[in-house]
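Attaching a single structure in structure tokens format; questions to follow.
Naming follows writing order (A, B, C, D, E and F), and every chain is counted from residue 1.
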Amino acid sequence: MSFFMNNAANQSVNMQNMAMAEQELEMVSDLFNRIVSSCHQKCIPKTYIEGELNKGEAVCIDRCVAKFFEVNKSVGTKLQQMSGAGLPM
Amino acid sequence: MSFFMNNAANQSVNMQNMAMAEQELEMVSDLFNRIVSSCHQKCIPKTYIEGELNKGEAVCIDRCVAKFFEVNKSVGTKLQQMSGAGLPM
Amino acid sequence: MSFFMNNAANQSVNMQNMAMAEQELEMVSDLFNRIVSSCHQKCIPKTYIEGELNKGEAVCIDRCVAKFFEVNKSVGTKLQQMSGAGLPM
Amino acid sequence: MDFSQFNDAERNHLQRVMEQKQMKDFLKLYSGLVERCFTDCVNDFTSKALTSKEEGCVQKCADKFLKHSERVGQRFAEANAEMMK
Amino acid sequence: MDFSQFNDAERNHLQRVMEQKQMKDFLKLYSGLVERCFTDCVNDFTSKALTSKEEGCVQKCADKFLKHSERVGQRFAEANAEMMK
Amino acid sequence: MDFSQFNDAERNHLQRVMEQKQMKDFLKLYSGLVERCFTDCVNDFTSKALTSKEEGCVQKCADKFLKHSERVGQRFAEANAEMMK
């Protein structure tokens, strides 16, 4: 995401757009944080024998992220069908 | 809660009232969310055999909500006695 | 923290300072709340035989707070080394 | 909460506040439901795709939670009305 | 935090911020205590009213938590003062 | 998110918002990591100082979590890119 800070001075900031963009950023980072915590729970035993990820943990994380996205999609579809609302899914 | 949007234009909004009203709305919705999560924990087994609520779960939910309100009241009374503060309970 | 509300009227409030001060207050209270919840988990059995703290619980709380601060420091050092950023630790 | 104490402009303001809050609550319901049903239903990481058992569990978990939340809403409203008397 | 670095107007501002925060923290203490003591003490859903055992447990749970929180506060202040040296 | 739809002033604004968010996220990572590794590693309250076993566990727990979080970040970016197609 590269930014060009040149003739910004004389342009106006549409606060409505900014609020929408900030909400989308918030949603993406919330989804990320929930995957980090859920997949830590599922894939990382609490014995902490070493600080590196071993093979099994790494493979589990990859599959866990993929499955979380699937659940995210199927619950999203269910809620959209029910509410008929256009959701920034 | 029905709203009449007629001659609103020329009236002023007392922000102090609005902040108080918003805080009360926040408290009511926080209480609701805590009851939903506590009573799900107490009444809904995680086996999810079917999507409907069965008789036992429905009866448990009704009793759970009633008991939660009782605990809410008794802890509220205790805190008010201790702090002597007038609380928007 | 004693405050003198005398000639405040004609002084300006530097909002940058206020934001920093508020963030530091937020961090101190967040740390306190996390210690209260973690040390309750570690030191207070859920049987609640009486409302007072017994000897063992009191001693456990003192040691738990001390150990939490140690962990707070060692994780802080690790993150600072890794990110090289000056952190309001 | 008794809305009659507010004038129309204030009621408009509160209406907008509540609409924003409803949107935020809906997104919280959504993300909470995904996390809850993932935790309760998905435990097999021998493959990248949901098993049919897991998919079925997620659907029932979501349906059950929504029915549960609806019933709590009814009892909640009744209990609140009771308190207002 | 060293308050001497601020002028009176700034100290007034911080004072108001802290009063709002104290009110918010008190409401968080209250709702957290209700949820914690309900979870730890209420497990019998064969009736709608709290049993005397449950009511007793809630009172002791709340008292114990407040005493616990008070003691953590003392040790916390000491540890913080230690760090400021 | 497609940034080309915004003008330079808006992109500057979002850049500042994201920098503040990154600072807040970093502090959340820090406080979350302290709480998680304390919970998982510290269980011996017969003394006030961390045992060497506890200290070692905290270091590995923190390293492991950061490696875990990094790997999730990679898979997350790939999955998001996949969805944008």
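Quick note on the criterion: a residue touches a chain if its C-beta (ideal position, glycine included) is under 8 Å from a C-beta of that chain, and two chains touch if they have at least 3 such contacts.
Only a predicted model underlies this, so the values are computations on that prediction, with no experimental measurement involved.
> Farthest chain from chain E, going by the mean of C-alpha atoms per chain?
A
> Measure off the straight-line distance from the CA centroid of chain C to the CA centroid of chain E, and report it in whole Å.
Distance between chain centres, rounded to whole Å: 13 Å.
> What is the distance in Å between the mean C-alpha positions of chain C and chain D?
32
> Provide the C-alpha centroid distance between chain A and chain D, rounded to the nearest whole angstrom.
20
> What positions in chain A touch 2 or more of the other chains?
43, 62, 66
> So which bits of chain E are touching at least two other chains?
Chain E, residues with two or more chain partners: 41, 59, 62-63.
> Give the chain order around the ring, anchored at chain C and oriented so that chain E comes second.
Beginning with chain C, then chain E, the ring reads C, E, B, D, A, F.
> Okay, in this complex, where on chain A does chain F touch?
Within the complex, chain A touches chain F at residues 1, 3-9, 11-14, 17-18, 21-22, 24-25, 28-29, 32-33, 35-36, 39-40, 43-44, 46, 48-53, 57-58, 61-62, 65-66, 69.
> Can you check the complex and tell me which residues of chain D touch chain A?
26-27, 29-31, 33-35, 37-39, 41-43, 45-50, 54-55, 58-59, 62-63, 66
> Can you tell me which positions in chain F touch chain A when the two form their complex?
That would be residues 1, 3, 5-15, 17-18, 21, 25, 28, 40-41, 57, 59-65, 67-69, 71-73, 75-76, 79-80, 83 of chain F.
> Would you tell me which residues of chain B are touching chain E in their complex?
Touch residues, chain B against chain E: 27, 30-31, 34, 38, 41-43, 59-60, 62-64, 66-68, 70-72, 74-76, 78-79, 82-83, 85, 87.
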